[in-house]
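First the structure, then my questions, so here it is.
Read from first to last, the chains carry the letters A, B, C and D; within each, the first residue is number 1.
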Amino acid sequence: MMNKEQYIESLRQYKPIVYLNGRLVESVVDDPMTRPHVNSAAVTYELAFDPMYEELMTTTSHLTGKKINRFTSVHQSTDDLVKKVKMLRMIGQKTGTCFQRCVGFDAMNSTFITTFNIDRECGTDYHERFKKYLEYVQENDLMIAGSMTDPKGDRSKKPSAQADPDLFVHIVERREDGIVIRGAKAHQTGMINSHEMLILPTTNLGEEDQDYAVACAIRVDAPGVVHLFGRQTNDNRRLDGDIDTGNSEYAIVGGETLTVLNDVFVPWDRVFMCGEYKFAQEYVSTFAAYHRQNYGGCKVGLADVIIGSAAAMAEYNGVKASHVRDKITEMINMAETMYNCSLGCSCQGTKTEAGSYYVNTLLANTVKLNCTRYMYEISRLAHDIAGGFIATLPYEADYRNPETKGYIDKYFSANPDFSTEERIRMGRLLENMTGGTALAESMHGAGSPEAMKIMLYRESNIDHKKALAKKLAKIDKITKKDEEKDYVE
Amino acid sequence: MMNKEQYIESLRQYKPIVYLNGRLVESVVDDPMTRPHVNSAAVTYELAFDPMYEELMTTTSHLTGKKINRFTSVHQSTDDLVKKVKMLRMIGQKTGTCFQRCVGFDAMNSTFITTFNIDRECGTDYHERFKKYLEYVQENDLMIAGSMTDPKGDRSKKPSAQADPDLFVHIVERREDGIVIRGAKAHQTGMINSHEMLILPTTNLGEEDQDYAVACAIRVDAPGVVHLFGRQTNDNRRLDGDIDTGNSEYAIVGGETLTVLNDVFVPWDRVFMCGEYKFAQEYVSTFAAYHRQNYGGCKVGLADVIIGSAAAMAEYNGVKASHVRDKITEMINMAETMYNCSLGCSCQGTKTEAGSYYVNTLLANTVKLNCTRYMYEISRLAHDIAGGFIATLPYEADYRNPETKGYIDKYFSANPDFSTEERIRMGRLLENMTGGTALAESMHGAGSPEAMKIMLYRESNIDHKKALAKKLAKIDKITKKDEEKDYVE
Amino acid sequence: MMNKEQYIESLRQYKPIVYLNGRLVESVVDDPMTRPHVNSAAVTYELAFDPMYEELMTTTSHLTGKKINRFTSVHQSTDDLVKKVKMLRMIGQKTGTCFQRCVGFDAMNSTFITTFNIDRECGTDYHERFKKYLEYVQENDLMIAGSMTDPKGDRSKKPSAQADPDLFVHIVERREDGIVIRGAKAHQTGMINSHEMLILPTTNLGEEDQDYAVACAIRVDAPGVVHLFGRQTNDNRRLDGDIDTGNSEYAIVGGETLTVLNDVFVPWDRVFMCGEYKFAQEYVSTFAAYHRQNYGGCKVGLADVIIGSAAAMAEYNGVKASHVRDKITEMINMAETMYNCSLGCSCQGTKTEAGSYYVNTLLANTVKLNCTRYMYEISRLAHDIAGGFIATLPYEADYRNPETKGYIDKYFSANPDFSTEERIRMGRLLENMTGGTALAESMHGAGSPEAMKIMLYRESNIDHKKALAKKLAKIDKITKKDEEKDYVE
Amino acid sequence: MMNKEQYIESLRQYKPIVYLNGRLVESVVDDPMTRPHVNSAAVTYELAFDPMYEELMTTTSHLTGKKINRFTSVHQSTDDLVKKVKMLRMIGQKTGTCFQRCVGFDAMNSTFITTFNIDRECGTDYHERFKKYLEYVQENDLMIAGSMTDPKGDRSKKPSAQADPDLFVHIVERREDGIVIRGAKAHQTGMINSHEMLILPTTNLGEEDQDYAVACAIRVDAPGVVHLFGRQTNDNRRLDGDIDTGNSEYAIVGGETLTVLNDVFVPWDRVFMCGEYKFAQEYVSTFAAYHRQNYGGCKVGLADVIIGSAAAMAEYNGVKASHVRDKITEMINMAETMYNCSLGCSCQGTKTEAGSYYVNTLLANTVKLNCTRYMYEISRLAHDIAGGFIATLPYEADYRNPETKGYIDKYFSANPDFSTEERIRMGRLLENMTGGTALAESMHGAGSPEAMKIMLYRESNIDHKKALAKKLAKIDKITKKDEEKDYVE
């Protein structure tokens, strides 16, 4: 396993092409605009060495029997699924932002399952290839970017029907030593400070979309790969000091990129799907269920910070009203409901034929659908408690300017037990965590709400529910077959 | 274990004094107003003999090693806690109403814990007494009414400060052979078709309230006990036939009574708390957490029926709009969120010092708070889908009247694939399950919303959350002590 | 104008055939099951003679210049539209239920407009006929049932495509002296205690549906008319006394009927549309807009009573918590928002070409859509405040039984400043107003939610909104034509 | 009246001291960081000369009979109140942001009323002074900053009890020629591009707070006045081009300042309250009601743009799903409900004793309370529809960089009928309007939610509602006095 420093150093060995604000980033580690993103991910390495969190952060490889960082593991029990949720919440509490590494974690777990299933039906050997790759990842404690989302182009058309064939990643050449792929992946969390990217398809595919059925792994600096870094809310503030950014140590959300793949070569030992279009849907929904499980972990960790921040703001403002307590309680209920949902879908996880453990799909989809609403509501209540000053605070530079610092200290003072600087810092943290990009991430990360709704309807047995109602209304009897459809076993 | 028929027969051996609509009920089993309540509870006996549900419905006594009905068991693992939730959901699906037996189940489990704790501190022997009683319950497969809620009188006053001392159950005499108690218990679910009632306190108590610290068990027909049966929504309809009641086999909610205790004698071997007022709060909150856990089981079973009923209504009406599917999906999400919350608090249960398993208190409180909102919202969406006819349907007698039956068949027909009677029956079922008493039960059963909010705030570590925020805002460092306060272990 | 007593006497001159619970109702006025419905409507007559409410309850006929009951008037100004809303709220406050007379009021106002428009385009003389009829209604101060909703059968089919042609009212014969109609009208509010019914179409019609394009007026006891009275929540309780019904003077909701028209003859002077199918859609949406306006009047009157009842319950219970005040305030906000919406759509009313005043359609649709949600939420909060006893109260007969009255008085006492009977009566009122039929009426009266949503989308100028956004995003310029599309003039 | 250009030129005559990001702003008009704020306010001047909007934008001075900009007028009718709402919505549609000028408008209207009331009771001559000042404002078409909100310090203490007496503006000297004031005003919308500021108190005051009872007018560049400009979400983006800012012509929200008053002299003819502490509460609540009325105007204009932007985004994305239409409809309902509430409280406005018109206080408070929730919900739905790309778009500079522009054009293309640049521009506009500062403004502008809740409870007649319920429950009769308490007249 790598520790924090080793991880950061390891990134210097990679030379990804990253564009940001019209310029090339020379060093992802040293650039002040990207460093906080490195710091967020580094926490996943740092805490693996903290005895207090050892049980959550590390586990034993089922391949090698060695101790590994949990983020590189394949789940071996429902307890592993529960620990994943707890680990994510705990790191969210410490970073107050996305720490990026769960995407690759989930991509690896779904690849583990899908390669097994493809092999069984198609006689291929993807699963063995992938296990070797997984061992390599575990041994080197690599950070993997899970690369699923294609740009998608016209949402009303399938990949092969797009005006431009490149709007979904596809195979442009099958060679003796490997394949060549072209296209792009969008919204790529943690990409520029990852070591490798694990590519998988983004949608169900038909026979005509065979070239789009591709899964494989490449280095983030493989020839032909170009990254465009996304602009986030208040991104530039970190160039001005450490107050206005709110959370100066860590980044806002995941540092998403558009990652362009200009005819990138992938050797066969890194190819895990190549044309088996029938397995795309299962692949996507497996990944999605794992990934939706997470939001009752990491986002609840963030919610804990927002709740704490709002409670502190009320204290700094000198407000002791009963409505503050009531609002805090509502925030707690939303946070713990999301957490509960993640625990529920984890403890109801089942063993796959590949031997790993998988969450309950129906239940996992409740997690994220609730998240797309609760994080907005939690943010709204935090704004309510914090007061209007989070929207009208002067600049950090004015606070550092001796001509104006006195005015700010004097007129933004409130509860005399706390300094004005404390109050401003807390206000800026709250602003950071409840603003534009952070909210949009809660909405669309791991899929947009309608994607969950489709799964919830599909996974819920409506016919069984209708049979139950008919029996009670004395319309029909429940047949033996209806009984077997029972949700609970 | 008793089966359904044995349970019903066993009730004939009990002669409780029950008043209902101004008259004495001669036989709880045979009276058409109370029989459906018997039927609901009987399902808990019937399914224990169904091989399909054996794993959920039965377990092994940790006292005797014999196979027992789960409703008489003390939880031995988190798996038992999870199975409880699944069992409740399944029975809720089959009855579409309250089946009453969980209250005693929870009362026994909390008495098991609290008697152990009292004994350890006070040197009493309540726990042994209770274990003997529990064995008696298990051996005879008795139905126990959990009797907690006192009438409470003026909500702003403690028990001993009430104008009338009887507004909370209290000890009026301590005799050599036992105690004499007086007062009443309100909202007593399943009381008249239970065998015994297990009395426990309803609120935290001070030193001045010592006589109110009483727990004990009595027969429901013990001398001095009088039951007043509560009036429910559309109660009389069951006298008119089987359509208008909606769910003619089973009851609406739990058949709650006001049970008056007129100087009732209790022998010492049935007394489990007698003056140890300091343990009242723990007793109450333990019972409450167990009981709040349930609502993500039984109410989700009911929600399954409501969802199925709404889906069937849309079909019967001939409506195929996208909004119906969207509303059904929202209902599913609410139902599965409640279920998830119950699973979450169960899988995070912990072993008590008494050796049994107890749910996570914080997480259990989310279940019921969500339920007080979701069941109303689910009912609202069901009304939306069903259409206005659920409010204006003619009487069953008019449907049976040859002069008017033709009009009803003709003019209430809709989708030609279904008969008018099917449509009416389904409409009446929906009316039954989304009406007054059913909603109020979702609100106040297992405590009113503010009770959950108090627990959520109390159990959540706000100081830890503030520390997290301060660290990220670079105001304070998190101390070692803060770390220890971590929610996740 | 008739006063209350004259209205009640006048009903004795009508002999409608009404079936209720398998029997014929001999006298709508004297039958204890229907009398409360008569009482509700009678308030609209009674208050017209109360000087305090004269300005709201009466106006001047634009046809005769005489003072008339406002319920028989055609709106002459936006002030009339505003006064309508205030009148409805005030009567709702006094009855706590539907007083039925607004349906005919709105039917008359929409018929006034549509007949004018048909005549102008088709050269017919419906408008003059209708004015004569209106004068007759005003002179005799008649109560008119607005009869719009057809049974509709299979919701996916148009009237002429139904398996049974009678599922929408249609013309079966055109004679020299009039027409013969057949079919039924469902959900007929106030029908059995009205004098006449004013029939109008319920949906937009195509050329093949010409026979369904019919509007006309008939007596409620015209030959061939049969009424089936709908069963309401807790309907029978009124036979047992005056407590359990909650609001014993007045009815629950509007006493809806299925009214069957078995080949009913209508003379030409009572026919106001006969085949002009193109005007059906306008007719329906005009009626609907007027009718949706009402819900921010009458339902807010009911909400006032519910709020007052909840506030009283908190007092009776002895609860003085801050959360009660907060919930009451939320209820007030919802009530006043609905009222505001009704005022807004009224003050933005416009003069029609027929000379009368019509509400703003877009704005009127917000009223009812909010109502379908807010009345459920207000009821939920009322349940929350009232406490669980509204679901478990004993029967009135038990309260009148000397053997049990003492128990009830003793154990349901709370705040000593109030009697137990007061507390029970208030609980029963709350139960009455927040239960099944009352909620369903808030949902589906004046059309189901999706009907409002269709209108809101249609009436809102989305293209104009897109143009505004494009201009600010510097994508397009707003053209002169876009400017003209401005919502505000 | 001034036109747009005249207004902008006029600002050059003012030399306010403005600090922003650690530097002094040399020219508010020319500085790229402040110019957009000037542009927003300038629209209120520009449209006054557009014949299409003349009726909304201008009116006749009741003092001089001359045509004036409506923003300088005192309301003479309920029609004026309604036109104010329509004007605000229309300008909101054109700017997509706060145009700042309503605060002074409302401050003048409340000063008009309160000075009249003070004079009547205290024999002072503030009203005449103010009328002269108002005439001066009207003649010169000045932009007035309404300066109410004090920094407030410790929220649990009154002004005179604060540790620092300057945390509320107060009189430090009463001289023969005028007064000297000290303190600061926070959240000062439009301040730096206003001509004058009209100061009024921010809270109710006791006898001990007499020196805090001060209202007066000063130039924004009066000696002793220092402005600190607040930092807004993504403020710096406007320095990088015109795409990333989203709405490059206009500002985000109102350009709020902390405005420090360092012993500022005010001559007597500009003093409108000086010690009459008893009138502070009335002054504040009058201003607040006027100001809360606005939010159903301006914010609905913004909502129109957000709705249009979301609808355009769905089109650009190529999404034609039914859920988009449903979400758009929900947004429309929220927007029109707010608008309706503003219209309702306007049409129910009443004539004050000073002769001007004032909105209905109770109803005006619903507007803003709904706004604090609806604008968040509208933003959430807009994010849902727009898709994740609003959170991960590359920088404008990367779009202008020839090396990366091609990637962006290619991979962010969607519906082929629209260019990628259009899609990006629309995404950036949506980001601008639904982000941090904009949301917080919807929450706290015109007072925080709890302020509305206090007013809603206070203005609602709970006792009357209780009397209504008691009458229906047959507990009490309504007395004559109760009747008089009727809400509706």
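Just so we're on the same page, a residue touches a chain if its C-beta (ideal position, glycine included) is under 8 Å from a C-beta of that chain, and two chains touch if they have at least 3 such contacts.
Going by UniProt, the chains are A, B, C, D = Gamma-aminobutyrate metabolism dehydratase/isomerase.
These numbers come from a predicted model, not from an experiment.
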Interface residue identity across copies chain C, chain D - same or different by half = same
Task = Tell me, please, which chain's centre (mean of its C-alpha atoms) is farthest from the centre of chain D?
result = B
Ask   = If you average the CA atoms of chain A and of chain C, how far apart do the two points sit, in angstrom?
value = 51
Request  = Go ahead and note the Å separation of the Cα centroids belonging to chain B and chain C.
outcome  = 38
Note = Where chain D touches two or more other chains at once, the residues are 323, 326, 453
Task = Please give the residue numbers of chain C that touch chain D in the complex, ascending.
result = 52, 55-56, 82, 86-87, 89-90, 93-96, 242, 246-250, 304-309, 311-312, 315, 325-326, 328-329, 332-333, 336-337, 339-348, 362-363, 366-367, 369-370, 422, 425-426, 428-429, 452-453, 456-457, 460, 462, 464-475, 483, 486-489
Ask   = Contact residues on chain A for chain D in the complex?
value = 19-23, 149, 151-157, 163-164, 166-167, 184, 186-187, 226, 228-234, 236-237, 240, 244, 253, 256-258, 260, 317-321, 323, 372-373, 376-377, 379-380, 383-384, 387-398, 400-401, 403-404, 407-408, 410-416, 431, 434-437, 439-441, 443-445, 448-450, 453
Key: Complex contacts: residues of chain C adjacent to chain A   = 322-323, 326
